[in-house]
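Have a look at this one.
Labels for the chains are A, B, C and D, by order of writing; each one numbers its residues from 1.
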């Protein structure tokens, strides 16, 4: 089984040289720590920064330089600033190559629910609905089951939807799955995880074909 | 009767301190020569310049600095450059206080025709349709009649329309008229022009009420 | 024609009860601190505020929530604010949640004289309820409208007396579109310069969009998530 | 992942017969001179060109008209070009005339992922023929669509190897929106710099929109209306 860093590490293997990437808050943010040495990946922060650098040292902290999670960050050579309309323009026009998001639930058609829990204070969708409606390549990073042990990979989402048919791949603590017309296609198992464990933890349509390799991370 | 410079000079009296103004090609451009001393008027050029200065000296000529008539121009302190989308954004959102345009024909409801003559090579509307569709205050500068002596102030335009019901005022070689629900309201006569001459030269609905003063220019 | 006003109190004095305001900023970054303080001093009420976030309990728009000046928030994300949550749950405060990109584009549309546009964000979700849906090239979109606001209040880094603005870093965010969108736009700036002191090629918002400008004072620029690395 | 190509010929080599190109510039100001020359050398045919103007007889897009490479021009104004007029009247060339602001906004929409928007320009004119009309707040608007193009070719003043661009003066015009709109965007620049040499706050087009970039040579920058004052 993978921990949060393991999930981030596995997702980092989907990166390609030259990619522009938007990383959501939480586990997705950790992906930045595993960008392969020598690979040129540019991080987009939807509040108006392309080319996000690491967190600042104490001396570098600048209140006018934050990321979409409101954390202080830095720039890199080649960074650019822009307004929010331009930022979502690049997102909607499909210029971001890869978007990594957390989710509360997904279903076997690629719908995602990650912004609202009925009965709880709703904080808002932020940029999530724009991202899921436009990104051509969305990977979801999440635990396979919730704290009650129930599957988060469903036939139908029970929570309010953030976007329809947008998730292409999901990486959980248990496995990597592609989402295709046939449902969740099991592609790789986390170390120590069996197909049986994935079957038990997946409520949506599951496709298991041939030998499923254990992932390299 | 007014010549082109006289028309421009009269229109310049409509300027107010702080105005942002877009001047069309031809006679409207001449208005810039008559901005009253000490009045702060900012000229907008729709190719992406706010705060257009005078023509350059030979030494100042810069091919990267032209106006919408493709003439070399200069900037002034406080000038700004922007792209064409922003430029027409400021036009459409009504930030330009006064727009002065030439016309081939106008009618007594404020419609304007100034872009196309059937049977002649059509060069295009440029920014004229955007300007007339959005400007809150449009003054037309033109001769009262065409070369054949026919009125250009009509009941219905005969040429293809550039925009509907947009002209608020017209200054011709003969007079100043406001365009209201009642038609062309004669407001001022050019020096040496009689009401009779205006009546003879105006085909659209004409309103003449009370004593018509001779204009001060 | 002078756009320069002495301070925030003078800048906001024409704002009346019940008006709709746009306020720039993302989180606490790039917010018009001086103008918010002046609105609190002034006590104007029943405001509708269009702003990406609603501040925190004791800073930003949070200060106006505490004094019950806000009737409705139009935002994309309103976390990090206990007083907000209390007022919302008690029904004292209305909130309309809008996808962040749609929020930005609805501001941009207002400033560009575009009354409505199609965007894919929110299709198939509750955001789509009551909205026109249309397909373009096999993909579904919602019709969204330009925001209508009485005042826009923005914060810039540098400005000149003609109203030209330059923002700094990610403090730019919603400020340029809101500056362009306001029926009346108020800009507060850290440095107020003479015309010509800003390079024409580097101006983010041309002065035509700005009606009132003043030099702000005592910027606190509070940081929500101070995150540092050891080096 | 290297965006830098050696020259214009390499930049345009994937452009095929029948494609739709956006070309930046207003008149002859800010046009991609090197790329146009390369397209002429390459001889690619049946192009649809979206550009505010069509150049003059012996410069700009006029050079591609002379070699009969253009099937259709989509522009707001096409004067100052005898060869253009001859081909148009003889039926060899199609032309679609579009209000300049609508042209700019249709480029901007493409770059912003907005498939369609309402604009007032052209209502009640022949431009409105066949278009959806809708009233907003008592005013009439037309529905206009984002442009669909295969390549956008723009000219910037300074660029870096990450594709970030800065334009100079009124040579900016349509270039930024077109850079954002192209499925593939080619930028030619007068100065090609290393990442970090352009200030992040001053960049007009972020590199994410630019696919290929090269340093242009021998810019002629012809002036259409050289107008000077005596001093």
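Points to keep in mind about this one:
Here is the rule we go by: a residue touches a chain if its C-beta (ideal position, glycine included) is under 8 Å from a C-beta of that chain, and two chains touch if they have at least 3 such contacts.
Every value quoted in this text rests on a predicted model; they were computed, and no experiment measured them.
Between subunit A and subunit B, the least number of touching-chain steps is 2.
Of the two chain pairs examined here, A-D and A-C, the one linked by more C-beta pairs in contact is A-C. Centroid distances built from C-alpha atoms place A farthest away from subunit D.
Between subunit B and subunit C, the centres computed from C-alpha atoms are 36 Å apart. The mean-CA centres of subunit C and subunit D are about 33 angstrom from one another, to the nearest whole unit. Here the spacing of subunit A and subunit C, counted between their Cα centres, is 29 Å. Shared interface positions of subunit B, defined as residues touching 2 or more other chains, are 81-82, 85, 88, 91-92, 134.
In subunit D, the residues that touch at least two other chains are 105, 112-114, 119-120, 167-169, 200-201. Inter-chain contacts, as defined above, occur between A-C, A-D, B-C, B-D, C-D. Within the complex, the subunit C residues that touch subunit A are 26-30, 52, 75-79, 85, 88-89, 97, 99-105, 107-108, 119-127, 157, 167-177, 204, 221-231.
On the subunit A side of its complex with subunit D, the touching residues are 16-20, 40, 42, 44, 50-51, 75-82, 85-86, 88-96, 134.
Interface of subunit C with subunit B (complex): residues 1, 110-114, 160-162, 164, 180-181, 194-196, 200-201, 203, 206-209. For subunit D in complex with subunit C, the residues that touch the partner chain are 105, 109, 112-120, 134, 136-137, 139, 141, 145, 166-169, 200-202.
Residue ranges of subunit A in contact with subunit C, taken from their complex: 45-49, 54-58, 61-67, 69-73, 81-85, 87-88, 91-92, 111, 121-130, 133-134, 160-164.
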